[in-house]
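Look at the two complexes coming up: chain A is in both, with chain B in one and chain C in the other.
Moving on to the complex of A and B:
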């Protein structure tokens, strides 16, 4: 059915407008199919408090049965860089189980995804990219949802 | 032979329908039923094209014919099209009843029925739509009746006030009352009736659920997946409930409990009758008046 995602996204948007956890803000959702959110990370010197990161969400018509595509994007004004993390490639693609087919659950939502990514950054101790980042960024032509990540290190 | 010709015309009609040539398709199906009138599918197909043309009465007739041929227990499509036409004709009660019949027939299909995988979700959504229409119409009616009653009572009070004032004027003219007394009496009459009208309005306002509205739809009637109110909730082993059609859709892709990720299949789900009754009660409470956004 085509209509499920529209209604759900409208209601999600109404719910989070104005009330979001600290460090998470809604930037734009004029196009209901593509939202942008800004993120800051508390208490981690790898991500100083004045560094803001931009997340882009893309929703298919089957959302929330299907996961949203969620990536970091780079901007020059305002400055938004891709955060350094062993599960985040330098092209913004995030390797996080809840964003892929197996890990996603329709009871997740934009807010809970943002919180998961925020806490993934907050608990990170390695100031490095995933192994094989340069090769992956050069060769990858797939959309995030079509990539089958291997979660080689579930501890990170 | 006639049935074969009818079948040919029906196929041409289907092709026209696929191309969006609805008038053409309608015409071809009409020729088909003229050749052979015992094929229920021709009627359902014509009903579908007439839905596109918004010829509601034609849809109702075609669906009735189709159901007459197949019997009432295995024709989910005809009931679904019928429901849409009834909604188009502003008969939400009939529409809801047809939609529920269609939904039940998809849920417990007749062995011969051809159910498409998208049917359950589409029909479930439509049941909800009819439900909203039904309760919105009922609540609108009630408000209008309430408004009419209030207007009538206010009118009666006004008329009574006028009679009392006329009586004072008449007594004054007959000399039974002095000027000062008459003015005093008139003032008293006016203030008494104004008070009555005010308290009448207060009473009606207090009885109007739209005036002291609970703003939030209670979470227990909301399906956690679509964020829509539920009408056929089912419960998992872990005690959480979801709308049947949406959890089915999730389980098709991932046979896991959405909250715990434990293995979960359709067979593990049970209807949640208590919650279903609570959802009904929620609709019945006049909720459609204060839920701004369906």
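Moving on to the complex of A and C:
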């Protein structure tokens, strides 16, 4: 199985280093366990064009059968902040059905996940964090994909 | 290749012998299954008895039939060989998903899950999407919660249609053939095999032909694996030592070690062709290789020259920019250091300025917007005023409490404040030991430390000595902080005192009110008594006068009159005594009222002193 995940990631990497959709760039993919991507959001005043957000992908050996763990991360150099969105917690955890056990499909890949997150940000109109953000950030110790989010908002 | 052919001779003979046996008995051969290998299913050939018998019967009739049988025999042989190779378990089954394809293939042949050309593809009849059998099984194995008796089922990974893997799910032979005809590299290509084969035959290549896969050693009593290409060299399972790194290993492994692992092997540098130890090759090409193209050391300053490392040194000796580069780099480093220092300094300055502003705000809330040159004058105006207030309050206080502090005043009258220009900060202990009643001479300039002094001994606030002493090198930072914290403490103290005073005042006025009420009642009662008495006296006097007039008018005898006079005089004395008693009572009342008033004054005085 490890072989399959590695082979597939190699293929994805080869494709990604070739051409990527605008606003998405590969930052690092030193090994086949963790990749980092940079993201900009077009045409949304909440996320100015010069604001870049860093996505971190963690792949298990069971990828792509299992979803990658995808979170936003905060950096000081270069400046990367967690984008404000009603489905993104301030610790970077993204509440997106695509990334959890039920919503994931092995047909998805890093590029399609990036595009989904980018469009989720681009269509956002509320400049706010999810309800109970502080409480969640303080109390959550489980890994993102083990969290059972309630997708009460069908608009995302 | 010749070696492997020579190897395969004996199995071929045995196969032919077996087929001869089958031919003779006219029995269908037993199908050879390799059920242990899931990926080898395309190689399995089963002979349906009817078809075989048909081909057997046409065996004598046509050459074509002969050819077909020969083809079958070859397939059987291949199957046998591969199963034998597999049963030796030296070469694990090839994972087709890990293969490298030599030629690009159509994206439509790619499984969306593993992103490889379909391997044993199945189609989901519900939505017509196609996946590798293993891919769809694994996908559903993680999502399906319970065991499903009707075969694997789940949602299509592409369109999420609920689907199942039925008996008729296999796709058409065309797709299988197309994907199996894709040309791949041998999985042993890293070990050195340069073969490219059709994907459908890669298992055979690895299991039978590839010189870089393992097989059992031919030598007797030796069952260790050896590379197929080395099998004819005799048993290689004896220990040898690598010439380069002196590591001990089996002869069979030496070549692989020498080619890939040995750290002391000399390899030709890809750039300069010099033999370089493989463990330093990285460093060589990064730092030393003369054939590597490097840019001039002055590139940071704009020199665009790029040349081979060997010529770069010649260039660097003539290039002005390259000569300047180290100097400028050193300067840049110094500049950076200075910048860091400057940044910390400016941050310090910022903190100080904000501290000053805060102090100004506290000291002169109304004048905080005044120009800077006014500040000094404002200081001079204000601080003495504050001191004056404190002193007067204290003086009143001491008058009530004791008088012997006056003596201490004399002791300290000679004390001088250090001049404000003196760089030595005033000892806090000295301030704390100052007597409370000594009116401090107003300092000529702003003296942050002097300010809290008049209050400090009257209330139990922390002494200035409780604060860290001002730092010797920075006479401003610490006193400022002292002043700020003192102000805070004072403010707290003041609010506490003022609430206490308010409370006291309230209690006092209540008490006074109560006392007053009682007094008024008493006085009213006394007044009423006095009125009654005076009325009685008036009545008694008038009756007496009447009686006197009557006696005068009647001309009564002196003896009787004298006796009557005596009685009247006694009554008059009684009345007088009563009147004087009333007077005394009244004066007592007045005295009491005076005492009250005094007490009240005393209280209010005390309250004011506290303030």
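Rule of thumb we're sticking to: the second predicted complex is superposed on the first by the 155 of 156 C-alpha atoms of A that agree within 3 Å, B and C clash if a C-alpha of one lies under 4 Å from a C-alpha of the other, contacts with A are read in each partner's own complex, and residues count from 1 in each chain.
Going forward, contacts are C-beta pairs under 8 Å (C-beta built on N, C-alpha and C of every residue); 3 or more make two chains touch, one makes a residue touch a chain.
These numbers were taken from a predicted model, which means no experiment stands behind them.
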*With the two complexes overlaid on their shared chain, look at chain A and say whether chain B and chain C clash or fit.*
clash
*Check the residue A:64 against both partner chains and state whether it touches chain B (first), chain C (second), both, or neither.*
both
*Would you sort A:106 into first (chain B), second (chain C), both or neither based on which partner it touches?*
both
*Partner chain in contact with A:34 - chain B first, chain C second, else both or neither*: neither
_Looking at A:8, would you say it contacts chain B, chain C, both, or neither? Reply first, second, both or neither._
both
_Counting clashing C-alpha atoms after the superposition, which of 78-86, 168-176, 186-194 or 204-212 on chain B is the one that bumps into chain C?_
78-86
*Could you pull out which residues of chain A sit against chain B in one structure and against chain C in the other?*
1, 3-4, 7-8, 11-12, 64-66, 101-102, 105-107
*Quick one: which bits of chain B touch chain A in the complex? Just the residue numbers, please.*
118, 121-122, 125, 224-228, 246, 249-250, 253-254, 256, 258-259, 261, 293
*In the complex of these two chains, what residues of chain A are touching chain C?*
1, 3-4, 7-8, 11-12, 62, 64-66, 101-102, 105-107, 109
_Per the contact definition, I'd like the list of chain C residues that touch chain A in the complex._
95, 97-98, 112-116, 135, 138-139, 141-143, 155, 157-158, 160
*Name, in rising order, each residue of chain A that touches chain B in their complex.*
1, 3-4, 7-8, 10-12, 14, 64-66, 101-102, 104-107
